[in-house]
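Shared between the two complexes below is chain A, which has chain B as its partner in the first and chain C in the second.
And then the complex of A and B:
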């Protein structure tokens, strides 16, 4: 099963490496990882998407929890979480095919952030599925480069009530 | 100085941990990290924002380059790169202050992705500065939770021509 693990850590060098190490030491496959500061600049939130055995995951989470600089570890359920990711994608598109790419971008609510004679660069944030769908439609134009953030997640407040 | 390091790796367990380890072993401070699949599903792009000594960074990048599963390491210059990040932010706001938060969201082009009786959750993608500016304006409402992806970057094609 797929899990979104959210880890709050103090911004000390090495903590990210330790957390990641605990997952990969058990051959746990990390699908994506995002680490960025939170509302408190001295605290970083690491969001890790992993797939694998529940029992092993429980053990790994306990080990992560024991690290000195780890403040909190949680397993966010997909159904009760708001999950988003971001991609910037450079597509081959010259004057003739440009409008088709822009049409796709508009449908998905993506922004055009750069354009050259033979490329267009788009920015899209949304659910993983929305990103995958747009990428599939862009594939025929040949994707030159793509950078993706990995998933971030927060608990959904409206479902708690 | 601040650098955006882009590392293309094969999706093998352990590679993320090795790459991160090489940075933190030299006490290099990782400000943010984003790892997500690229246009080739078997290849992941790791984007790391670091600050520190250029000479040490050169050495670290050479070491990263020697790892078996690392395909490419690059130092993207801020001026010639498109950089974006994503945040989801839950703000305390009931019926009375809701419209103020939504007004701020509209100005920055953020989307409202969830709402409860006393909270609003916003999604914003943009430059680091845009995110910081919106966060500053939201601070008076009390930020309950925030998740940020860290920066992703691609080279700016329009500046190459």
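And then the complex of A and C:
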């Protein structure tokens, strides 16, 4: 099963590697990892996407929770979470194929952020699935470079009510 | 008034009522050593290898319950304490380790004697700090002691860059600590306790399985009264020995790989297992599927991460063992366990711990029995790791507070002697024995100089079989007696070695000499090394082969 683990930590040096270390020790492959400041500048939210055995994951979360600099750990259920990821993708596209690429971008709501004689750079934020779908359609044009942030997530308040 | 970081360090330690530091100086912590030079309140004990400082601080903490403190320099000084810190971490021992560090401006530049000790010890400390500003120093030390001693105790490391120790600021020691995200829970959930009481009353074949958490939380009295009130048989882990008196009629001794046959039978057949301050270690459980397969598990532990880690627990109670046992004792209604106790007593009679006695050659078990007979609960016993450690667990009946110091989790050879030095510093009026193997003692024999220098009259009883005995036993039983890397005929003459350090060396070669030599060692007010020439190929039994269920024991 795939899980989105959300960890709130005190913004101290070394916390990130400590948290990640506990996952790697139990041979969890981290699929994506994103860290950024929260509404409190001294608190960072780390969002980790992992796949693996629930029992072991439960154990790892308890161990993460034990760290002095960790304030809160939660397993966000996909269905009850708002998940987003940002990608910047540079696609090979000369004058002939440019239109086709821009059409795909429009369908997915991606923005064109740069263009050269033979490339277009797109920016897309969305769910991981939306990103994957667009990447699949862009592949035939040859993707030159891609950067992705990894998933960030918050629990969906409306589904809690 | 502004004072230097080094002075703040010492002032802070005094606020924590630290009386002893085990350490070894070096370039980056010279400032602290300069302040220590004429400090009347704190005694610095100079070890001969930094690993000894960490083990001594650990032994100090186990002996008296107060956090142990060690102080070493950066780089190799810091890396040398890692084994000692990891040992304390695995056994949940309160300890604060201070390491020097190169100046903040040079960190990360591969400076002389630089090591990223905070990175290196991240997974073997409860928490660690790099202090980057002298203004944070006092508060960090306060937090370090607080974290080390509260909740599930453990080692905390504080890395001190040289410039931070030189910089000056006002000294202000905070009175309280409040760390968001660190709030240990001591009080067990009342509903869970209520459910536990019901399970206990309903059970027919219950067993208590008590570990080191009982010792750490000081719950020995409460545990004894629980056992007496509920009349439930109890087995202890290695770390939990002494939790109830070893000679109590309901005591089953130790369980697990080298547990007694009756303890392992009782656990395998019980219908309710009450785990208290124990963590279902693999040396205890053997093959998990065969560990108490028909039982419900109650698990009392202060660490929520210990619950359901290795086994699925039916009823967890997170909190302090002492407080929870107090509550349980108030309203316990025991069930009828008479048939069960009768069965256990039958096993006890049928399968007692035993070894083949001899009047020609010294049996190692005999030495342990005689030390016990001669010093009983006047002594603190430290051990190294290996066969002798298991014989101590079998034949020394621990029954007073905190008298066994042993590396249970990490299994660190070379732990016992420096730990004994730390214990002797903490308890100058006690007799402190390190019951050792010849292999383990050779890892730390240099600390004889420390013991002699500070007049710490530790007795080292070497059960000398000229083998790395436990490994040899495995080779004998499972590898066709191919003794690869285990013979140790090339060792110093331990009597002469002791004398070379200014200690006393004694030797016993015949069983008839054993008692006399022990009595003599106890009467000498100096460190004594006793070389007991024991049966070379004696084995520890019972033994559960690795990977088997604990009821599948090998006997001699």
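Here is the rule we use: the second predicted complex is superposed on the first by the 161 of 161 C-alpha atoms of A that agree within 3 Å, B and C clash if a C-alpha of one lies under 4 Å from a C-alpha of the other, contacts with A are read in each partner's own complex, and residues count from 1 in each chain.
Here is the rule we go by: contacts are C-beta pairs under 8 Å (C-beta built on N, C-alpha and C of every residue); 3 or more make two chains touch, one makes a residue touch a chain.
A quick note: this is a predicted structure, and the numbers were derived from the prediction, not measured.
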For A:17, using the defined touch cut-off, is the partner it touches chain B, chain C, both, or neither? Pick first, second, both or neither. both
Considering only touches as defined above, state whether A:100 meets chain B (first), chain C (second), both or neither. neither
Please name the chain, chain B or chain C, that touches the greater number of residues in chain A. B
Looking at the overlay, what does A:156 touch: chain B (first), chain C (second), both, or neither? first
Touching chain B and also chain C: which chain A residues? 13-14, 17, 21, 25
Contact footprint of chain A on chain C as seen in their complex: 118-119, 122-123, 126-127, 130, 147, 179-182, 303-305, 307-309
Which of the residues in chain B come into contact with chain A in the complex? 6, 13-14, 16-17, 20-21, 23-25, 27-39, 45, 47, 82, 84-90, 113-117, 119, 121, 123, 125, 135, 143, 145-150, 152-158, 160-161
Residue numbers of chain A touching chain C in their complex, please. 9-10, 13-14, 17-18, 21, 25, 55, 58-59, 62-63, 65-72
